[in-house]
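Take a look at the structures below.
There are two complexes below, and they share chain A, which is joined by chain B in the first and by chain C in the second.
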Partner chain A sequence: MSSTWIDVEINPPINLQTYNCCMTLSDVHGDNDNKFVVVDFGSGTSNPQLKIFKGLKQTHVIYLNEKPSAITTVYTDNSDQHIPCVAVVIKNEIYFYRNCKPYHKYSIQSTIIRDTEECKLWQESEDVFDLLKRLQVLSSTIGFVNLSTTSQQMLCLNECHLIEYFEKYRKNNLVKQHTITCVTELKRNKSEVYGVSCLVIATTDMISILDTESFKILPDKYELQGETAYMSAIGLYDVGYKILVATRTGRLYIFSKSSTSGFKVETTHAIVSVILRIDKFICCTIDGLLQCYTLKCVSLWNVKLPGDPMSIVNMYVQSMSLEMTVVSCNVINTDGHSKGLVLMYCGSTVIHKIPMPDPVTCIIFGRFGQEENALIMITTNGKVDIKLLKRTATFDLCVRPTLTAHVQGNLSIPKRSNVFIEQTLREREHCKEMHVRTQQTWQILQMVVSNERLNSIKQKITSQFLHTSAQLLGLGPRFKIRFLLKNLGKDPLMGINVAFLYNAQYHSIESPRCRMPIIVPETEIYCETFVTCCTYGGSDERAIDIVVSRGMNVIYRAKVNMPVYNIQTNNHNEELNDIMSW
Partner chain B sequence: MDNGLVSYKITEPMMQVFNVQEKSDWIIYNRYIQRDLELCKLLIDQDLRNTKDNNEFAFYILGLIYREEGKIKNSYWCFDRYYALNPLCVEGVKQIARSCLLLGRNDEARKMYLEAEKMSREPDTKVYYNLGLCYLNLGELDKSKEYFHRTIQLSRNQDAYEKLASIFAIENNFKNATSILISASKLFPFSTNISVDLGLLYMKQRDYDQAFNVLGNTLCQDPENPKALLTLAAEMQRNFGYDEALAKYTKAVTDLSECSETWNNIGMCFFGKHKYVAAISCLKRAIYLHPFNWIALYNLGLVHIYTRQYVSAFVFLSTSAKLNPNHAGTFMLIGLALNHMSDTRNAEKAYRKSIELNSDNPEALINLTILEINQGKIKEAEKNFHAFQEACLSCGSIDKEIIELGKQVSDAINGQPQSFDENEDEKLESDEPCYAEVE
Partner chain C sequence: MDDTKVIASLDTFYSACMDLRKHNYDRCIESCTIILSKNPYDQAAWALKMRALTEQLSIDDIEAEEEGIADSYFNSDAIAENARVGTSLRTAQDTSNQRPRTVGGRPLSGIVRPSTSSAGGNNLQLALKTPRTVGSSRPLTSQTARNIRLGTASMVSQIDGPFINISRLNFPKYASDKQLSKLLFNYIYYQQNDIRNALDFAVEATKFCNFKDPWWKVQLGKCYVMLGLLRDGEAQFRSALQHGPNIEVFLRLSRLFIRLDQPLSSLDICQKAMSWFPHEVTLLIEIARIFEGLNNIPMSVKYYRDILELDATDMESIACIGLHHFYSDQPEVALRYYRRLLQMGLYNAELFNNLGLCSFYAQQFDVVTACFENALRLALDDNAADVWYNISHVAIGFGDLDIAEHSLHLTLSLNSSHGAALNNLAVLQWRKNNVSQAESLLNSAIAAEDHLYEPHYNRALLAQEEGDHQTSYAMVKKSLSIYPNHYNSRDILNELKKYFSSL
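Up next, the complex of A and B:
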């Protein structure tokens, strides 16, 4: 480690709260000294500040009114001074600062909406609350997103401000305003550092390119679904270029100068960051996969990262002609604490690791001051860490198998104990005896169980507390079975069920199961059901079983022999058949 | 005031700057991808209050967070809100469908995905892939295959290849499954999942050389891939390479220390090396981890017969027989154990049961013959001996010991009836290395 990087001692420590998209390294004064330009969001109570560091010293602060969503630096002219502009994106505007002084402001024009249903509503409505109601209805049909910004704003307002707002905007045109989510620079016609750049602007509905010399939008426009989260561009505007766009819903588009619709990949998880190279791009998703695709969106490789990725950055070391991907991961230790780990990938292999005490949220690599290869990292608690790559540093590029200390984990098998041996010997000597003993015990147990069962059955039979009888009524083929129950005991009986079991081949029973109400002592109640004969013949299976149960226990089981029904004779039977208790 | 800019007045009076939406969307997104979920929820809550629940992106991220937390119903609701706020966006429909799929409502999910397919202007691989999943879950394999095919045609989706191969494997169409996996492994040479699946598929088709090849390559890439380790080890064990198999199991067991099958196989490795005590402790661990593993119980019974602990052997074997009453070998061993404990009546029953389950069972037949000779039932013994001879002819590989025993028995039947005490030491060495197909 120490042979690769020089740690910069930062005393007193610098604290910054920022995001990856709000940092850049640029020579903002044209004095051949790269400054660290960063937006400090502070603790959230104060307004954000654009800070410029020369070395470790903060030289300039620009106070901003609102939170910027991105910053970048662009060269706007070919003058010999080589002073770039810092472009700060706030909502739908881009502020250009040159030499830390305001230079220009560019706004994305709102589009005016005419002749829609929404416009009619605004024109027709006299009353603010009436309008609000109708707008809400409209919003639920076409969707809030598709309303004009004027209406959207109104729907979000507090009630006390409504009238004021209505009076202010009722005479104006409805507008749809798009905000800028992302910007990146694209060189116009010279690829060197000082070459004039265009600014690729991603708004909520499209990608457009701004000429920074005249501050006019160039004709190339690209449409896509979803809002842009990251964007990266390579090439020259005048010659040919590629723009890689990653949306917040996990889609990746590649637009090139000639084609209007890009190839597309869709990732399964949200994208953490993307890196665009000449022939491929690398994308990192929150499920911890680093994926590499060609520009035609063919997957080349993917690697599983050791932890949650926080940010990735491209690292090109010119002296070694080495292009690496720097990934900062949040690794959970065995003791549950999260630690940072910065990995450098060359292709799909890790060639270098830097462990960090805290997870690194923001990371940037580039020329800092006079130093060619500097790595600036900001951890979760806002501490800035700077490492400089030694000129003598080398990276071991040969892929070697990751020998993970050759885990010669011994199988934890218990040693034979004396007790075990004793038992084994005893078993060998007395196996017959043991077997006989076991069998005998088993048989005794079986006998005990059988006796118990027999006893319980006997008890049930002797304690007869229910008197039953059955009647078969009717002439056929439709009969009625009436089943009478009488409680002979002293306590009322509850939860008695009566079920009729029958052979569906011969009979059909209307309700084969009935639940009895409470049976009070010394009273007789009955349940009845209709039986229909279906076919003739087969005297044995003709019987219908009547089962009386209480909970899970069968109390009685009776058999009713059904008469063989004959259409010709129509001899009607009405008999009480033999009832056998069980 | 104006961020330091005083000049450049807005010329048109109606060009007002609204700060309604998009104000904190990118911050929410940044916090989300940096996994600061608590803060993210706080931001979303604040934002939704400010906009009276009118920020669709906040709902989207909230839905994703809930999904990660396993609150699928909440996430479903969030995506529903997202869709209501932006009904022209396909993403909402897709996410709702995904929630349905996760909730197991495959039919509903299928309907939603079909809706999404209609809505999207260009073919969407994610929709196709998920439709394939829906149809697979609904059991409509042909439709499912069609959608996975479409997914593959549109993009190289590794999961789609795997699913397609598994469908072919379900349909017993191993040829197609193999060819799918081969083409996938060419596209994704670094994916160990695909190569392991391919290896297992070769294994199922009994193409052991290819399987060894593929799985060996997998292990070169990922030396601790448990599936590949287990499969290779089981195969080595089948070929009596006990030490090599044990080395592989030792590696795998760090990951799979609670896998009953692994411990069963380790136990049988030790058995093969005649280390009975180690075998017993491993098998007992396998049974502790999975008390209904009848194979481990059977093996434990076998080892106990070898250590001449017939009572224990009988106990384990009868448990195994209760769990799987259709395995002929178990009853054969029960008979053997009973015979050793002089319970000839029950031993005979057990042998007969074994023969009933599998009539081509030379081990059980010869044992029954010996038993009958010892009891003096020469006629029945002769009958069984003929059956044994036939079984020997029909069976492929037979232990030399059994053939030797057969010779002795035939001498005994033909010559003078002599008692057979010495050759009752006949055992069947049939360890059952069952490798665990994880997942």
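Up next, the complex of A and C:
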């Protein structure tokens, strides 16, 4: 361990409460020293603060009014000073801070809703509780997310504020406010660090791109279903780009420039985090699977993680040109305590492990200060841990078999044949006739089946309560017939007799009758007897009939086909006879 | 009138020759008997009668062989028990799990051939215990079915003593006669079915022609194969091939290797033969069958397609390709192939059954019932069970569970050891909450047909639900040993493992 990482001693310890999307490493002052920019949510009682750390020292604090959903840094101009803006997303607004001072505010306009059922409800209702009830019904039919923000807020309000709220908003128009859930940067036309970026903004049902030079929305827009939880972008806006979007319900979309609809994957479990690379993307689901797909959504591999995943981050070490996936897991020890484990995957192989005393919730890798490869981790109790990668560090890159989880093979779905298309046409054109004919013929068949069944019951050759099977053992000419009986009913069967009917010309049977003992339900009993083939003959008469009777009525009758045995012996006899007669 | 007069005035021997050509064997034999009664030393009439008697019973014996239990288990040429995967017909890796299995546990083929019923499990116990009904009884020795018919005929026709008493025949004398020897051999081999004497005779004959006649070598090989001396047979066939390529010999050699369970050598032989006879359909059929036996369905289908290009009326190829399409989710294409068979004049229960199933899965519901009605009408006892079983499937598809249950009961009344039917009936009973009956039905299904994984899996699921984890574990293990990739079985196993480790 010591050969790979240098532990940074942090004294006094720094405590931060944050999320992965609310921290970044960036040179915010343009002095060629990467700062650690993070939102500290604190204990929850005070407002969150945007903190900037230079090395281990906190240099700036910006107080925020509301809880932000994401932060990122973007370069907004091509000036030589190279000072980026820190973009902080709060509700429907993005605050841009430059040099730790407010620089610009961009807000997404709320839309006014007219002529929907919801509007009618608001207009018609006089009483607040009546409205509340009807809104609750509406929300259960069309879904809470599809309601206007006004209604949503009302449904969430405490009862004592209801009337006040109702009086305040009943005359106003209903508005739908689009909350920004996710934001990520996308370079405009230069891929270098100081290149001007656009901001990809994910609202509840739409992905749009903001030009940060003019603060105007660019024409590319993508629609999707579900709220975006994670987003990642790669490429250049002017050349070509891919945006990977993961929704809260576990859908993954890939949008690329100038295509209206993206590829889509649906995972069975909620997604923990996603990483987008040039030719593939990696997503981690809550059930502990690390999955890798191509950008056309073909599964490449999946790996079972040793514990519950907490967060994942991409780690690119330029000096080794090594791209790794860092996964932090929550591992439960044998004694029941949860511990942290940070794993580094290269492809689907684990190449390095760092055990941690506590589970790591947030993790970020990048340039920190002057140090190229720093790994900053924040554990569940808020303690910040920083590790620096040694320049001499090596990773064990030999390929070894991994515990890959079951890869779902592609189902071989045959091509749609011409015949199939012709048939569907026929179905479409003659659906009524086909249906009627099917019904008619099926009814006739129902009658046939019922009749046959009735006949078979009348003949009493089978019994519902008795299952039988016969086995013929031996090679001949002497065989053993073993006849197995099983009681399927609930009551024991008594007085069962088994008789073997045979043609005395061909066979002789040692004991052709057999009295069975009481047959208890669920158990199998059998009777055996020896059969000897005497002469050779036609095949039809060679069968032996087995009859099972109970008192006077036959309850089962079956035929056992006797095999023919070697004819050579017969020929032999034949010859002997000849000699005798000679 | 005139014609009959002309015929009556014909020379008896000439009319006998004509009768033989017209396949009027009985009349030919009669005429010969008349001639021989006048002149017992008329060699021509004697030879003609011999030929007629032989041809009356001759069969294409290349395909006829059926391996008996005794042959396959008391075989001195026994090949390694655990042959490497892909080199043996018995250990052929199962790639197509969609295809149902035959009683022997092999995936279904498109056509019933003598060999499809055999080559079953490796276990003698199992082979002897296989449930026997009227429908299924496996021969004990290779002297079976058709061969026995030959034997019976020879006995029936000997009203006034045998035509030729082989035991008193002077072998060297007849073997030296080039005209008569081949006819006499065929008579002994096919008509009398007396392989030992046929072999002795062939040995004499080949000695007489200085081991130069390939025909005798082939006959020797045939005799050796019939007697189970496969390696000697191989030597004879190979030496016959040195005189020049011959399709029959290649085929016999290929069959021999299949009996030795060396399908790859068999394929080699066929490929060699193909270089001599590139458009020979029988060779292509042989190759296609071997690939099917090795469970290499794509290759098999490729060869069957080649066959259809050369001979568009080959029923085996059409049936096998149809089956392949059916089990690769293209029932509408399969329907085309089976319809072609119907147009070619095939008219039996199996075909209508297949047509019904294809149209059901291709959603042409209006013709399904008609097909099954035809199938039922044409079905005999042994295949009626399967027709009923398929009807139960259609009924389940239509949601008519009562009819499905009745059909399954009918299946079982015809074939009480129909494992799949027992299993499905159990599932239907389970749905009706008759758990105890479902359980006993599943047990019977397992006892009846051991090679199905479904009853094992269902039994495991049932036991799991009842909390009988031990049984569930045992059953799920069996299910996985039959079908190692069965996802649901693995699920149960994982759950059980979790449960057991938490104890």
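Keep in mind that, in the parts below, the second predicted complex is superposed on the first by the 351 of 582 C-alpha atoms of A that agree within 3 Å, B and C clash if a C-alpha of one lies under 4 Å from a C-alpha of the other, contacts with A are read in each partner's own complex, and residues count from 1 in each chain.
FYI, a residue touches a chain if its C-beta (ideal position, glycine included) is under 8 Å from a C-beta of that chain, and two chains touch if they have at least 3 such contacts.
All values reported here derive from a predicted model rather than from experimental measurement.
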>> Once chain A of both complexes is superposed, is A:Cys160 in touch with chain B (first), chain C (second), both, or neither?
In response: neither
>> Applying the document's definition of touch, where does A:Ala504 land relative to chain B and chain C: first, second, both, or neither?
In response: neither
>> One more residue to check, A:Gly143. First (chain B), second (chain C), both or neither?
In response: first
> Between chain B (first) and chain C (second), which does A:Thr438 come into contact with in this model arrangement: first, second, both, or neither?
Replying inline: both
> First (chain B), second (chain C), both or neither: which does A:Met552 touch?
Replying inline: neither
>> In the overlaid three-chain picture, which partner chain does A:Ala543 touch, first (chain B) or second (chain C), both, or neither?
In response: second
> Of the partners chain B and chain C, which touch A:Glu427 in the superposed model: first, second, both, neither?
Replying inline: both
> Looking at chain A, does chain B or chain C touch a larger number of its residues?
Replying inline: B
> Between chain B (first) and chain C (second), which, if any, makes contact with A:Ile413: first, second, both or neither?
Replying inline: both
> Which chain A residues are contacted by chain C in one complex and by chain B in the other?
Replying inline: 413-414, 420, 427, 434-435, 438
> Can you list the chain C residues touching chain A in their complex?
Replying inline: 69-70, 128-141, 143-144, 147-148, 151-152, 155, 167, 193-194, 328-330, 332-333, 335-336, 362-366, 368-370, 372-373, 376, 391, 395, 398, 400, 403, 406-407, 409-410, 412-413, 416-417, 436-437, 440-441, 444, 447-448
> What residues of chain A sit close enough to touch chain B in their complex?
Replying inline: 19-21, 62-67, 69, 88, 90-93, 95, 97, 101-102, 104-105, 107, 109-110, 140, 142-146, 149-150, 152-153, 155-156, 172-173, 175, 177, 179, 181, 204, 225-227, 229, 248-249, 264-266, 268, 270-272, 286, 297-299, 301-303, 308, 310-311, 330, 348, 361, 401, 404, 407-411, 413-414, 416, 420, 424, 427-428, 431-432, 434-436, 438-439
> Which bits of chain B are touching chain A when the two form their complex?
Replying inline: 1-8, 10, 14-27, 29-30, 32-35, 50-52, 54, 56-57, 60, 64, 84-91, 122, 124-126, 155-156, 158, 187-188, 190, 223-224, 246, 249-251, 253-254, 266, 277-278, 281-282, 307-312, 314, 338, 340-343
> Within the complex, which stretch of chain A touches chain C?
Replying inline: 412-414, 417, 419-420, 423, 426-427, 433-435, 437-438, 441-442, 444-446, 448-450, 452-453, 456, 461-462, 464, 467-476, 484, 486, 488, 490, 522, 524, 536, 543, 558-568, 570-571, 574-575
